[in-house]
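Chain lettering (A, B and C) follows the sequence in which the chains are written, and residue indices restart at 1 in each chain.
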Amino acid sequence: MEYQFDFGPVFIHWPDLLRGTWLTIWLTLAATAIGLPIAAILAAIRSYGPRPLRWLVGLYVELIRNTPFLIQLYFVFFAMPGLGLRMTANTAAILAMVVNLVAYAVEIVRAGLEAIPRGQIEAGRALGLGPLRILRHIVLAQALRIVYPALASQFVLQLLGSSLVSAIAAEELTAVANNIMIVTFRNFEVFGVVTAIYLTLSLAFRALLGTVHHRAFRWIG
Amino acid sequence: MLRDFGPNELLYLITAARWTVVLSLLAFAGGGLLGLVIALLRVSPWKPLRLLMIGYIQVMQGTPALMQLFMVYYGIGLFGIRPDPWVSAAYAFTVSSSAFFAEIWRGCIEAIPRGQWESARSLGLSFPLILRLVVLPQAFRIMIAPTIGYAVQIIKGTSLASLIGFTELARAGQVINTITFEPARVFGCVALIYFVLCWPLSYLSQRLETRIARSRGESVSLG
Amino acid sequence: MLPLRRTLLAATLLLSLPLAAQAQAPEDIVKAGKVVIAIDTTVPPYGSLDTQMQPTGMDVELSQLIGKSLGVPVEFVTVTSPGRIPALLTKRVDLVVSIFSITAERALQVDFSNPYGGQATVLLAPKGRKIAGPKDLVGLKVGATRGAIEDIVLTEIVKNNPGITYLRFDDGPSCAQAMLSGQIDAMGGGDYGEIYLRKTASGDEFEQKFVLRPNYFGIGMRKGNPSLLHWVNTLLFTLKNDGTLDRLSMKYRNKPIGDLPPF
């Protein structure tokens, strides 16, 4: 079969590609902004909380980490309305991404928390610091530095994983690719271009997060 | 035509899971072999090869697995090859996981102190010999846990094959949902089957990691 | 995926080779010993799984008749709706028999046989909602299957009637499920969709609101195979005239096959 590569029909759709790229970034940022604080709280519970709560958080983490994101998406979008929760495709996408991200972030943050010697916490207590101040000044400040690289790569994984939410009709980059494919039938070219956009995004975010890491933690390190 | 979600349907899901397992095994074996070669070239003394491998890993880890799968699925036929659907999925997952294996194993190899490399080199050992006699035997021990951990990612990742119409567990769930319209039950069961496949591996990986970390007197970190 | 550099290299190498476009005749399929047909098992009543979990439906039975007439077994390859044309172009399958509506745009890529069935693409919505035409969709969430005929028609409607929230799903069942889950207020689908939804627990609440476009299904194949195209048309001619197509339509859709204008 003769096949002539032709990227022209794909580039005509650049406004759609741009919109899809922006939604991909936005979904990932939103999910991270919502997910990280939740993960920090759950990680604190998993490390220092009462046993039944610790166990519950552990169950949640294991359930999410051992099932595919795609199935979690279907569950959130198709099965949740049965429980009276109806949401837009974007909201459902963010919710599923938060649920997924938190499970991984809990384990990352917990590893950071547990890397801090107990002695420091006891020293803080001996100095008369309250539990919240100990958490903020001693534990979180150090833990953040330890877990930052792992969280940064989790962020990029999240960005790439967001390509799945097109399955529940969120119009992000992959969905735009599918739409263009149907109009142009230039499957290989469409996915080539979109793959290149994803690569640019992940390299750019990796560089950005690396710079932030360098700047923010210089004073501690 | 439409019917309830019963034992027959559950059985269909469980049988479909075997394709998930087979696909995962193929990706694990293929990706493992390719990944090992890439990891070794990545730490080799030859700079152009190292750079090439870094580029490969960056591209594979910087693009969604779904896009890689679509590229293979829609691209392979353009070259006049009539591929079995198996080939597309197995090939895409092999290539994708090879980059992750390479990075995981490179980390393990580089965990071996540089001093050992240097002393081995001063003894006149060549690069392959240093790897075989000095580095790999030690690195192997710390490689096991993250390797098993990554197997879990492979199993979950094969669910993407459903989006190109490959009938593994996730696609079987969709098929059953179209004749039952009971998404909570169908996808609940699908999730449960994945969990049964993945959790033992996760658990094993965590146990091994804890044990190795303890034996080395380090703090425990779970990726 | 191969790294981009290597892909491009492979592409230039392979494209520079003179790949002769070989025509495929029915005899070639007979010689190959099997006919590979793309179906979709998520589009009842045309394709789904029976209680023994074997493919069933109108398209599936028609495919088996094709195999029988050729005297070779049928190998089914399941495809998604947007995957139908790629399955042909990449030579994964010989034929597509999967509610493949005949359109001029698609005919630029693949050849269609004469129609073997027809149905209208319609708008489905809950009975309680008053929807008489496209204007009544403003303010509602409307879903469709990406790349299907309803997607093409609805995209145009959405463009001309600002205020419609439009959601594209990757496959029909996801769209229907979204409708049953209450995630969308209306959906584009085949007129079989109404019968189909009605069989679900809450399906009785849905009805056909208006016709988006009448459609005919054809059997799809690669271009440049005149002999195969002619054979498939001949087979469909005989199946239409001996009442087989009508029997299939009654069996799976509970209505006669109707008028099938050839082209």
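Annotations for the structure displayed:
What we mean here is this: contacts are C-beta pairs under 8 Å (C-beta built on N, C-alpha and C of every residue); 3 or more make two chains touch, one makes a residue touch a chain.
Here the structure is a predicted model, which is why all the values come from computation and not from measurement.
Chain contacts in this assembly form a complete graph, since each chain touches every other chain. Set side by side, the interfaces A-C and A-B show unequal numbers of C-beta pairs in contact, with more at A-B.
Centre-to-centre separation between chain A and chain C, using Cα means, comes to 36 Å.
The distance from the centre of chain A to the centre of chain B, with each centre set as the mean of the Cα atoms, comes to 20 Å. Residue positions of chain B with contacts to 2 or more other chains are 59, 63, 67-68, 71, 74-75, 77-78, 80, 163, 177, 183. In chain A, the positions touching at least two other chains are 1, 3, 78-79, 82, 167, 187, 192, 195.
Counting partners per residue, chain C has 1, 4, 11, 19, 86, 89, 91, 170, 174, 177, 181 as the residues that reach two or more other chains. In the complex of the two chains, the chain B residues touching chain C come out as 1-3, 8, 12, 15, 55-56, 59-60, 63, 67-69, 71-80, 82-83, 85, 92, 95-96, 163-165, 167, 171, 174-179, 181, 183.
Within the complex, the chain C residues that touch chain A are 1, 4, 11, 15, 19, 21, 82, 85-86, 89, 91, 108-109, 143, 146-147, 151, 165, 167-170, 174, 177-178, 181-183.
For chain C in complex with chain B, the residues that touch the partner chain are 1-5, 7, 10-11, 14, 19, 40-45, 48-49, 51, 53, 77-80, 83, 86, 89-92, 170-174, 176-177, 180-181, 196, 199-201.
Contact residues on chain B toward chain A in their complex (touch as defined above): 58-59, 61-68, 70-71, 74-75, 77-78, 80, 152, 156-157, 159-160, 162-163, 170, 173, 177, 183-184, 187-188, 190-191, 194-195, 198-199, 202, 219-223. Interface residues of chain A facing chain B in the complex, by the touch rule stated above, are 1, 3, 62-63, 65-72, 74-75, 78-79, 82, 107-108, 110-111, 114-115, 150, 156, 160-161, 163-164, 167, 174, 177, 187-188, 191-192, 194-195, 198-199, 202-203, 206.
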